[in-house]
Amino acid sequence: MDCTTEEIAKHNDASSCWIIIKNNVYDVTEFLSVHPGGPSIILKYAGGDATSAYDPIHPPDTIQKNLSPSQCLGPLITTTSTTDWKDRVPVEQTQDEMRVEREMKHRPPLNRVLNLADIEDIAKRVLPYPVQAFYSAGTDDEFSLRENTRAFDRFFFHARVMRPVSTCDPSTKILGYDSSLPVFVSGAAQAILGHPEGELNITRACGNAGIIQMVCTFASIPRARIAAAILPSQTLFFQLYKITDTAASTKVVREAEELGYKGIFLTVDAVVVGNREKDVRSLWVMEEQEGKTQYYVEGDPEATTNLFGSSAVNRRNVFDPDLSWRETIPWLRSITKLPIVLKGIQCVEDAVLAAEAGVEGILLSNHGGRQLESSLPPLEVLYRIRQQRPDVFDKLEVYIDGGIRRGTDVIKAICIGAKAVGLGRPFLYALSAYGEGGVIKLLEILHREITISMRLLGAASIRDLTPEVVERVDWEPVRRRIGKL
Amino acid sequence: MDCTTEEIAKHNDASSCWIIIKNNVYDVTEFLSVHPGGPSIILKYAGGDATSAYDPIHPPDTIQKNLSPSQCLGPLITTTSTTDWKDRVPVEQTQDEMRVEREMKHRPPLNRVLNLADIEDIAKRVLPYPVQAFYSAGTDDEFSLRENTRAFDRFFFHARVMRPVSTCDPSTKILGYDSSLPVFVSGAAQAILGHPEGELNITRACGNAGIIQMVCTFASIPRARIAAAILPSQTLFFQLYKITDTAASTKVVREAEELGYKGIFLTVDAVVVGNREKDVRSLWVMEEQEGKTQYYVEGDPEATTNLFGSSAVNRRNVFDPDLSWRETIPWLRSITKLPIVLKGIQCVEDAVLAAEAGVEGILLSNHGGRQLESSLPPLEVLYRIRQQRPDVFDKLEVYIDGGIRRGTDVIKAICIGAKAVGLGRPFLYALSAYGEGGVIKLLEILHREITISMRLLGAASIRDLTPEVVERVDWEPVRRRIGKL
Amino acid sequence: MDCTTEEIAKHNDASSCWIIIKNNVYDVTEFLSVHPGGPSIILKYAGGDATSAYDPIHPPDTIQKNLSPSQCLGPLITTTSTTDWKDRVPVEQTQDEMRVEREMKHRPPLNRVLNLADIEDIAKRVLPYPVQAFYSAGTDDEFSLRENTRAFDRFFFHARVMRPVSTCDPSTKILGYDSSLPVFVSGAAQAILGHPEGELNITRACGNAGIIQMVCTFASIPRARIAAAILPSQTLFFQLYKITDTAASTKVVREAEELGYKGIFLTVDAVVVGNREKDVRSLWVMEEQEGKTQYYVEGDPEATTNLFGSSAVNRRNVFDPDLSWRETIPWLRSITKLPIVLKGIQCVEDAVLAAEAGVEGILLSNHGGRQLESSLPPLEVLYRIRQQRPDVFDKLEVYIDGGIRRGTDVIKAICIGAKAVGLGRPFLYALSAYGEGGVIKLLEILHREITISMRLLGAASIRDLTPEVVERVDWEPVRRRIGKL
Amino acid sequence: MDCTTEEIAKHNDASSCWIIIKNNVYDVTEFLSVHPGGPSIILKYAGGDATSAYDPIHPPDTIQKNLSPSQCLGPLITTTSTTDWKDRVPVEQTQDEMRVEREMKHRPPLNRVLNLADIEDIAKRVLPYPVQAFYSAGTDDEFSLRENTRAFDRFFFHARVMRPVSTCDPSTKILGYDSSLPVFVSGAAQAILGHPEGELNITRACGNAGIIQMVCTFASIPRARIAAAILPSQTLFFQLYKITDTAASTKVVREAEELGYKGIFLTVDAVVVGNREKDVRSLWVMEEQEGKTQYYVEGDPEATTNLFGSSAVNRRNVFDPDLSWRETIPWLRSITKLPIVLKGIQCVEDAVLAAEAGVEGILLSNHGGRQLESSLPPLEVLYRIRQQRPDVFDKLEVYIDGGIRRGTDVIKAICIGAKAVGLGRPFLYALSAYGEGGVIKLLEILHREITISMRLLGAASIRDLTPEVVERVDWEPVRRRIGKL
């Protein structure tokens, strides 16, 4: 292979994408579509050196493990001096970088941030567009993404009055561990894209606040480093992506257990990666901003003899597509004593199967609207369990995530039967906007909103949040944003 | 404490807020969040003299009663002459003050004001923005605020024809007292912010019109002065905020009874203050208008060791958070012979409990969407009582408030079972826009709309307004504003 | 009285409104609110000479009959010469008049008018704004007006295929009279405001088309002149406003019968006039256009001692507010042999009473959304009769009007059980835009739309339009205007 | 007849429309309304030479067969030299032509086209406006057109997890023929207007992809030429418009069978042509763009003595309006051995009749919202069959078309019971934008979307797509377009 910078620079888009990492050259064209962090991040460095982006957020050897030998093209041949190479790096800022710099200076003071929508707004202003797109994207037309949130709008309270609420305790237990709110951090990858300290911002804030963090298999900070950062009283859960190489996954689980993680959340809704178009398009948006829009040229090669290929899953799919009730749960039980929670249950039928399989919990989730389009909103699944199979609530702990943005959203889910609710993107937005201080602010907001609303609902503790105090109404409430920063 | 104007001027925001009242200095930082009138009004005077705003609308000693000794910082040390001080006061008008002045000159003639939406529009144009925000704000995303109104849109009439309506009498009785319309003034605080004569504008107009006014515990005109202003035939009710100091509340109730108030409306939906973000943001909007936007500075102190504090209600909460069926009603019965109405019932279950507790009435209300977000619209609660427990209507009088803006809205509520309906904000808007004349106009509009609609509905009296003539439809009517002044 | 032009000119608004008609002066202040054509038309001439507007559209003596002697102020005292008076008349065109002139020149060719919405658009462009407002206005917030139309959107067809439709006959009978379509002209007043030939445009077009016209009590062309214009085969119905003076109404009915009208449509939904704000505001809109906006002046007289007056209907109400099943129907039977139809039935209960009262038909109507706000859409009432009391369809003929704008709308109503449907405003718009040619075009469009849709529905005749071929769906179809002229 | 170019040029609109084809002159005024391609295409050439547009897309003699002898006016009389005639032809480009040229150069590269909405957007940019209008138009207010798509939004998935999906096979059989996806090309006419190779673009792409194409009776490429272009393994179906001349239709069917077409899809929803206003208006839009807007002139001839004509179908209607269960099916059976599918079934009742009639399949369709307005969306009909008469699925194959734009749309229909789904317009848009490459791209997108979604749904094959995994929800999901090219 001609691993010169000149040749490499030609492979600079999705049709042929080479990158340099630590002076080695890789062909990641095929890998683009299965990258857990999405293709756009990689494409940003197509035809050039990606070390600075890759290095801080990946365990060593990650890339080698995910590529075939033929895709490892060999060491970089430096025909020009390092100085020359640096000359090639554009010294001018992009439009987007200038925007980010400007917006960072105009963030509002933290004491004016009133709610999670404020945090999201500010984060979207200060994040590089491709990161914003990666964080916020949903599948296809984003029905599930939007409906996750709108589902909460349809539930109204039967507020109870004349009940003493001078003391109001929103704390609960999750898998037996204390939680100061019925809220936990749901796993969300690539926090480092928003802030150099990445997931550690969450870890530190949660320690003070008594909130449990679920850490991703693909966290951008090594899971050992996160485990080393916690307070003695602090609890971490581990989110597991089972990969096809079962031995590797076994090793990961054992490592997590040894590091002190207290529960395994096995993701079951991501056997392949969802179709997130906003993410895919983000690079083209950048091109257009820079006045480098590309156009179709007649004769571009696109004909294929075998249009659809084999019916087998793409060979480079990183996740195990063959999870099963019969094999996966027993395997996991056999390698860990930790409680097991299935993350990504999307219907009543599977909630029942999970209860029969004897797992400790299920997290009703459609991956924040990032996997199957038109998957039912988790709150609606929760409501159907309450209506159709309330016995499930007695057999395991039920959590939900997706679309929760207000203290009242949390309370609604708890009333219907959830033991706790997870939030994902809001934490990424908080750390992107203000680092650890942003995460602290987010938790303060949730605490304030939850305790005010519980008191106004006549609830002195989580036990008072019962199905009777919520009602699913038969009309469509109107959502409108009030005031912005 | 260094109570010089120089030092005071440094404590000019929510992080540290000092104010001068009648030459005494107070630290109201903690008090901000529990001020019944919201923090923004106070913050307007942070670091300066608030006497002109405080004095006319508070009973003497109010501030001392609500602050701890350590928050009373002592007398103002005038190191500069009064003349100097006055020099510090900005002589230039703010953008907002100029807007108000301009809009006051362009109010339409009163005979062109056709409906309550016109009145609200005009008031919003002529009110200082912070007052407008305080009056109009709802909780969180304002779902309950909006849905209160939209609930009426879903009810349609089965108009009856061929019924003699040359005479049409819309009068009724409320707690046994004559009311010329099935309408009363629901308690709404701080009328003085909209007009110097405050609640007296309402009192005078209602006297002529035969309408009953409910006066707030925190009315900006002393309740004795209001009582002194009524006609012999006129009726007043008293809205009671029970505070933690029961002896003080006892005194207030007895005073009201002696002053001739004819009923006690005990507020039960405000054990803590709701999260009204429009109100909180109003001061920042003003800053931005004046080109004085503040930005975040890295390193601003925001970390906390104990994030959430104790689970007990904030020690400075002004309202009694421990109301109860077992204690509060018997206490109130024991100190007054007046009929008791619970203001803020939000579900069928509590309506039933109220009937069992033997109170004379309930006011279905979610505090105009200002307390618990996602509380059911009062009209929907009323409808559920009709569907599920119509016996409640036989045991006590049921009223509703929240979202009523048309004569047909009033009629719909009466048809379903309400004895009368309350309006709050519309009266504040009317007096803000045109003083007493505005309130008269508002009542004329309601009278005209109610009698026209009753006749077109085939109803010659309130008795003809029965459940059969309304129907809750299963579609979503479209709301659109027609024409404006 | 001082009937000089100087004095008269002072009485130029709704607080005191004098007008000159044929050199006599009248105080029409009280009459404004009961004028069948609305107050705005009169106010246009307040303080001046209204002869040119009054004369062509009112029977002689109309004004004297409607005013008390004291309101007839006497003959005009001409202190100035006619020449002087004419000088006072503004010679410049108003903005609105210029707009109308311009738009008249830019009407599209008639063969490009594709549907009734096109006709309405064009009419609204070429009509003087006050006339447009008078024609198009609904009550209050215009819920009933809008929902009348939207009701049709919720009904979908079960189209039937493989049925011979080479011949497709849309004709039917209404009260036994031939109608080439299941459509008639519903009474709508004041056609002369849109075109100098007024209702005659409709009469002539309907003659050729075999369509029946219902003529208003207050038609702007004398009913005798209309009767004189019909073809031998042509049928007219008479719309009756019963007034308090029963003898006068008796005379009117007998006259109509003698003139050859074939049925009496007694209006029962207009005992008082609805609150049509767009109409009331139209004059102020004109003022604003001319840069003559009026503003509120402190001290304007508006206080009243007796705010609401008596509970009796305004003494100048022109319509009889005391219609009743017991008296009105027998009276009408006793004075005419013509079939009787009640126009303005708005619920199932009254449909049943009408059947029991033995009338020949009912017209389900809420007066085009111009009377009671939130009155159920007629199509929904029709559907409820089909669901709850289908026996009514066997006892009398049921028609509907309100919101019908497409051939499919007509077909939907016929399927559910209507014998025929009425259209009102569309005819006014058609003659306003293009005179008689516009009405012909309207009828051609309806004929084309009805026959195409019947064929596509598998219906060869009206008999094939049965309840089974429509379904009321449970979602909200989206309405959007496609293309415009 | 005066067949000079001068005279011909006078007959240049819908009121009198003459055209020249190959030096012969035709009066197509009456034919306009029955032209399968809509009137606007013809009107573009009214008063001039239409040969260039007519010739490539019509079989020889088409026009003569469709006109009466009196409408064939005779040979063109060339009184001026060809040179003169050419001088009359405008040499300047129209605004629209310039727009098309510009947009063609700015199409995005094919590898950036992510979904079918992208393809539609690009096609609408590069198509001449009249063609875009012809392709995209629906009937009347386009309710059925829009609701066809929105129907899919209301169905959500009960995604199943923990099911092995490493292999996922989306292939199926349609009428016994292999199909690599449960998708076929539904007949859509006039592909040549979008691309000179017309339907052949589809044929070639489908061959490679293993997808079945249904070819129209009025395909713009002769059906023999299409049949000659297929691969040995490739399957074609034939869409039949039965015309009144049964012998001619018999000949067409036999020819199709001989050419190797494998099934007959008899269109039953088009006995007359729907009212597609966007199409009709398109020419006027062009005029306006060119600054040649026409206006109404008083006195234009439009009065008619017999307004509505006979109740018989227009004599020039090209389709047989007298299809019937009793005659049409037996006739078709008698002339072909091919399986018969009825295209355009719109209700459960007719689905049942079709099963009883013994046809092999039905295509639930409302002609893409181009025929009967307010016809139920096909997906809703499919759902009603599942609810009310699931036995139908056992008796014949059920397909649907209309509104399908995503892989999840396909899957939803299959889950409810469809054997396969048809797409029409998307193929026209794909070939208009990029020719054969566009069609390939479209099929790749569908394949990708279907297989990703099947895996995320836990489905390894079409057999796993059962009614249990979809739910029709009772709220209205919000549709919003995410990102564009």
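Order as written gives the chain letters A, B, C and D; numbering starts at 1 within each chain.
Convention: a contact is a pair of C-beta atoms (placed from the backbone, for glycine too) under 8 Å apart; a residue touches a chain by one contact, two chains touch by 3 or more.
All figures in this text were calculated on a predicted structure; none of them were measured in a lab.
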| item | value |
| --- | --- |
| Those chains which touch subunit B and also touch subunit A | none |
| Interface composition of copies subunit C and subunit D: same or different, split at half | different |
| Farthest chain relative to subunit B (centres taken as mean CA coordinates) | D |
| Superposing rotation of subunit A relative to subunit D, computed on C-alpha atoms, to nearest 5° | 90 |
| Subunit B and subunit C, separation of their C-alpha mean positions in angstrom | 43 |
| Whole-Å gap separating subunit B and subunit D, where each centre is the average of the chain's CA atoms | 61 |
| For subunit D, residues contacting two or more additional chains | 474, 476 |
| Which pairs of chains touch, using the document's own definition | A-B, A-D, B-C, C-D |
| Of all residues in subunit A, those that touch subunit D in their complex | 14-15, 138, 140-143, 146-147, 150, 154, 268-269, 271-275, 277-278, 280-281, 284-285, 294-297, 300, 302-308, 311-313, 321-325, 328, 342, 344-350, 353, 366, 371-376, 380, 474, 476 |
| Subunit B-touching residues of subunit A, taken from the complex the two chains share | 105-112, 114-115, 153, 155-171, 180-181, 208-210, 406, 408, 412, 434, 436-437, 440-441, 443-444, 447-449, 451-453, 455-457, 468-469, 471, 473-483, 485 |
